[in-house]
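The two complexes that follow have subunit A in common; it is paired with subunit B in the first and with subunit C in the second.
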Partner chain A sequence: MDFFIQLFTDPVAFWNSHTLLIAQIGINSILASSMFIVLYSGQLSLAAPGFMAVGAYTAVLMDLYWHTPLALNIAAGVVFAGVVGVLVGLPVLRLRGVFLAIATIGFIEALRLGVILNLPITGEGLGLKNPSADPLGGINLVLGCLVVVLFLVWRLTKGRLGAAWAAIRQDELAALSQGIHVARYKMIAFVLSAVLAGFAGALEAHLNFFVDPGDQQYGVTRAVQILTFAVLGGSGHFLGPVVGALVVTSLPWVFEQAQAYINVVTGVFLIAVIVFRPQGIVGRGGLAIIRPWWWPRRNVRAPAPG
Partner chain B sequence: MSVLLRLDKVQRHFGGVHAVDGVSLEVEQGSIHGLIGPNGAGKTTLVNVVTGYVPFQSGRAWLQSDELTGLPAHRIAAFGISRTFQNIRLFKDLTALENVLIGMHTRRRDDTLAQLATLPKVRRDQRSRMDDARGLMETVGLAARDIAGRAAGTLPYGDQRRLEIARALALRPRLLILDEPAAGMNPSEKQGIRELIERLNEDGLTILLIDHDMRLVMGVCKRVAVLDFGRKIAEGTPAEVSIDAGVIKAYLGSASERVVTSAPGASAAGDTELAGEVSAARPAVEPQNAILEIEDLTVSYGPVNAVRGASLRVAAGEVVALIGANGAGKSTILNTLSGLIRPDSGTAVFDRLDLTRAKPSAIVRHGLVQVPEGREILARQTVLENLELATWGRRDGSAKRTQIEAVMKRFPILGERRALRAGTLSGGEQQMLAIARGLLARPRLLLLDEPSLGLAPQMVDEVFKAIQEIHDEGTTILLVEQNALRALEIADRAYVLETGQIRLSGTGDELLHNPAVRRAYLGG
Partner chain C sequence: MDQQILNAIFIGSIYALFAVGYTLVFGVLDILNLAHSAVFMLGAAVTYSLVVNRGQAFWFACIVGIAVSAAMGLVIEHVCLRPLRRRKAPPIAALISTIGLALIIVAAIEQGQPGSFFAWLWVDGPNSVAFPSGTIPNPTWHVGDLTLEASKVAIIPISIVLMLVLGYVIRSTQVGRGLRAVAENPRAARLMGLDVDRMISLTLVISSALGGLAGILFGVALGDISPYIGRDNVEIRGLAVIVLGGMGSIPGAVVGGYLLGLIEVGALVVLGSSARGGVAFAALFLMLVLRPQGLFGAQLRERI
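And now, the complex of A and B:
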């Protein structure tokens, strides 16, 4: 309870004492948007932690060896993640559903165990020191970037591209019969998602003095966490995974008093949400997050006569 | 008149099956062209090849001067061939309006970057597209104001069919392919679809229509092509096609020689008889003490009425055939009797057991056993294992072994192949296995669903011989068949089912010579 009491009675003190949490929510929200884009186009890809790793290591290595400015480092991480996205997408996007999920898990594990833990330049299993990190000052950058990302994703779902993605998610064959180049649009979604994940990875690296190649960070555990954002928040609306990221990331603080049982309590909470609201916290209706049962369902874009 | 769509010797095999075997076809600009054929004739495969879903193996296709051969589906759609699907494929969770908007994909400029700025022009375009989409919904007879905002999957069935047509029209097609647009509709909805098709055609749209409902196809098409086993067996005006001997044979099935000469419709003279005389022919052969009694049975799948008030009776020791065209509701009746589907209303009683309530397992134990359509054998188990599984629930160890041996003696081919995987058997042998499996459940009434489906003629002979023998040994049989002539030959009595209702009944011989049977299949 302390968590909420402080949040509502003294927001300034809350901000100061939870800076790291808020920054982490920002990073996770960008990852959630990355997950949203692939799910919105009907692809169950769990590759995000891999692209995060690409973004993070690229940015930090640039800084360590060439001392280039932060913006350039992050940009390089994003671009490289996109390139890897194309290379991974070419073979794996023939797969669908669970098979795609398993192939992308194969990708992240191959990258982490096969490449990162073995190359001298990535510090092998020891990770990398990142002396120019800025854990507290980075929060403004993260939140600023989050706003831009959310705006872009929101607009993308509104145009021709978003309509094509929705069609593919619903029925690939029917989408083909409408003249939609399914393979191309799936690839666009996959690469955009890789770019966003790489961006989140580079930003996250900037918040930590140490790049840790552990499973929690760039492995399957992280992939499952990101998937949880989308499942919990709902993947039919761009805000869904973001709300999911907010909830999942702050749960340990909300249930602080449970102490040793914290994982049990958060687990029960997640199960309860999924049982009682299978479409996710945010339904397709968007911001009508908690529509009371007597409130009329919003008709999508009511017609303007004439 | 110029030719819009031209197919030249299009071929497509699946393994050894010639799904489409050298079909050439010309569809004239501005016409409604029908494509008909019995179940499995290759109609949908042909459409799938033309629209790029299934690659060509040989042959070529043109839409006016644009060659379609070898192009992917989305390119072919962009050329202006739009289609609907046999089993509706709407974007179910999107709204009706969004479905139609997606149909405009190919003629919408990419506005992804402009969307980022939310320019007024983008909004204007969006608004005019939405007006356009609402107009299309009105064109196909949907009240846009009421349903535009509803998720497509929640619309009534008939509206979903119409919405799919609206989505197809949004592409501004040069050719519209409708794959069974009237499937599962009641007569008044069918009439509505018919009027819609005619109206679209009057506005200049060329339509290729595939449907099982002969009244619809024969009514609206100027030319009709008939497929059977992947080949085009006839083409012409509806009147020409409906009296073509080859077409009648493809639909009503092949009977043995002595019957063909007197088969309904074999002579054009039969055509002039009135259906009215037929109902007078309904004989009072309905048995008094029936083992199976069905009264006023109505069954639906969601909004689709598959069976509407059917009544029939079967007495012990009879062979009763239930015939009718594809989609008439035959299998639905059998599945209801087996307890797999629950009816909306009506009664079905088998030897004092209420079939509308009893569990499927209890129904089988009571002696009513179904041999399902498509055989449903376990392809990866051996023949013997398939037979053993059929007796799995029984506790009479030695008796069931002797019975399995007895069954393999009656079907010697199964005895020979007992150690082979069932999936390696031919279609006819698999059918024998399915029937043998049914016999092991010791039926008093055996339901056979389409035993001749997909079999070569000589195998059909074998299967029907086996059915005759089983009957001679005292098993009562209710037989569902598309191959009407064959079924009528061995049936004591038969019922003719058309769009969920029993239209005719009589002895097998009477119906064999009744022209109304042909009309139930081919329209008229």
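And now, the complex of A and C:
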């Protein structure tokens, strides 16, 4: 409760005492948007942590060896993540559903255990020190980027691209027969999601003095966490995954009293939300929970993917 | 070298036993049960607690461990899967609810310390423990330069017999026919008078009992029991195994288990320990890209 009391009575002190949490929520929201794009086009890809790792290591290594400015480092991380996205997407996008999910898990773990933990330049599992990180100053950058990302994702889902993705998600065969180039649009979604994940990875690396190649960071645990954001928040609307990221990331602070039992509480919460609202918090019908009864109903949205 | 091949077969048997339960649920329900690795851990933890903390006989503890795992299968069905089926949720929702349950189980064991709420279940917290010598019967033989421990050797016949029995049940009994019918088309199965919910419960009970047994064998043979053995050792490898063999195929899971054991030990011998995990996942990735139906899946549609 202290969490909400402070949030509503003293927002400034809340901001100051929870800066790291807010920055983490921002990063996770970008990751959730990355997951949203692939889910929106009907693909269950868990590759985001792999692209995060690519973005993060590229940015930090450029800073360490060439001392290039931050913007250039992040841009390089994003571009490289996009290139890797194309290379990975070419073979795996023929797969569907849970097969795609498992193939992408194979990719992230092969990258982490096989490459990152074995190359001398990435610190061979000891991680990398990142002396030019800026945990407190980075928050404005993260939140600013989040706003831009959300705007772009919103515009994308409203345009031709979004319409094509929604059509593919609902019925791939029907979309194909309507003349939609399914393979191309899936690839665009996959690479865009890789770019966003690489961006989030590079930003996150800028917030931490240490790049840690652990499972929590770039492994399956992280992938599952990102999927949780998207599914819990609802993957039919671009704000859903962001709400999911906000809720899941702040859970440990909201349930401070649970302390050691926080994972029990998180588990119960996950099951309860998904059982009572399988379409997610921001599910079918938009924000149906908080919409007042007199608010005019918009046209019915497309059903959530899956 | 021979010892290494033996190790590959031991660990492969455990992978196979674990993956058979995984693939059974996928074959019948088209759902990945991510709580399976938590059940694996629970079986080992319950058995260890009964033997070491309560002083029960090893065999009795094994039976209780398997029974608790099987009961956990019912919990998975009633808490995580059935409510979602009722609401016609997308299959991806079941992924999240089973992750939630896995979190709860692991956190409960993790918090089991003397004096805590879960002390009756587990007292070693997040630490890794092993059965003290003398608590389990474990004669050791030396054949040539090979060391054969009973706890490891026993895994092989236990796994093979159980997998044969399961294969027989599914192929040739009334219950097996029911399971296959539900796997093929739940709606049609219901119209033919099958109790689909009961069949699914049964699937989860069998799957979880096998998962719990695999956990016990793992804990006994490798001397490593902690809240994280499921997550760290078999969760993702189990996925690799069922993909190698073909999703939903039981013989595929068996062969995939041994294959993964061999691949890992091979990578260990040739490339050293640091490459072990990476090679397994690279194999998984290549398999999916080159032959997504796996070794034993003739077509993607046919299962079990």
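Everything that follows uses one rule, which is that the second predicted complex is superposed on the first by the 286 of 306 C-alpha atoms of A that agree within 3 Å, B and C clash if a C-alpha of one lies under 4 Å from a C-alpha of the other, contacts with A are read in each partner's own complex, and residues count from 1 in each chain.
Quick note on the criterion: a contact is a pair of C-beta atoms (placed from the backbone, for glycine too) under 8 Å apart; a residue touches a chain by one contact, two chains touch by 3 or more.
All figures in this text were calculated on a predicted structure; none of them were measured in a lab.
Asks: Go through the superposed model and pick first if A:Val182 touches only subunit B, second if only subunit C, both, or neither.
Replies: So A:Val182 only meets subunit B here.
Asks: Could you look at A:Ala260 and tell me whether it touches subunit B, subunit C, both or neither (first, second, both, neither)?
Replies: A:Ala260: touches subunit C, not subunit B.
Asks: Can A:Val268 be said to touch subunit B (first), subunit C (second), both, or neither?
Replies: Second partner only, subunit C.
Asks: First (subunit B), second (subunit C), both or neither: which does A:Arg160 touch?
Replies: first
Asks: One more residue to check, A:Val195. First (subunit B), second (subunit C), both or neither?
Replies: Once the two structures are laid over each other on A, A:Val195 reaches no partner at all.
Asks: Quick one: is A:Leu152 in contact with subunit B, with subunit C, with both, or with neither? Answer first, second, both or neither.
Replies: The answer is first: A:Leu152 touches subunit B but not subunit C.
Asks: Between subunit B (first) and subunit C (second), which does A:Leu128 come into contact with in this model arrangement: first, second, both, or neither?
Replies: neither
Asks: May I ask you to name which of subunit B and subunit C touches more residues of subunit A?
Replies: Of the two chains, more subunit A residues are contacted by C.
Asks: After the superposition on A, what does A:Leu173 contact: first (subunit B), second (subunit C), both or neither?
Replies: So A:Leu173 only meets subunit B here.
Asks: After overlaying the two complexes on chain A, where does the subunit B footprint on subunit A coincide with the subunit C footprint?
Replies: Touching subunit B and subunit C on subunit A: residues 304.
Asks: Looking at the complex, which residues from subunit A come into contact with subunit C?
Replies: It is residues 44, 91-92, 94-95, 97-99, 102-103, 105-107, 109-110, 112-115, 117-118, 124-125, 220, 224, 227-228, 231-232, 260-264, 266-271, 274-275, 278-279, 304-306 of subunit A that touch subunit C.
Asks: Could you list, by residue number, the parts of subunit A that touch subunit B in their complex?
Replies: Going by the criterion above, the answer is residues 152, 155-156, 158-161, 163-164, 166-167, 170-171, 173-182, 236, 284, 299-304.
Asks: Given the complex with subunit A, which residues does subunit B contribute to the contact?
Replies: Touching subunit A from subunit B are residues 51-53, 72-75, 77-78, 82-83, 85, 89-95, 97-98, 101-103, 105-106, 108-112, 114-116, 118, 127, 130, 134, 144-145, 148-149, 167-168, 171.
Asks: Which positions of subunit C touch subunit A when the two form their complex?
Replies: Counting only subunit C, the residues touching subunit A are 26, 30, 32, 34, 79-80, 83-84, 87-93, 95-97, 99-104, 106-108, 110-111, 116-117, 235-236, 239-240, 243, 247, 274-279, 281-282, 284-285, 288-289, 292.
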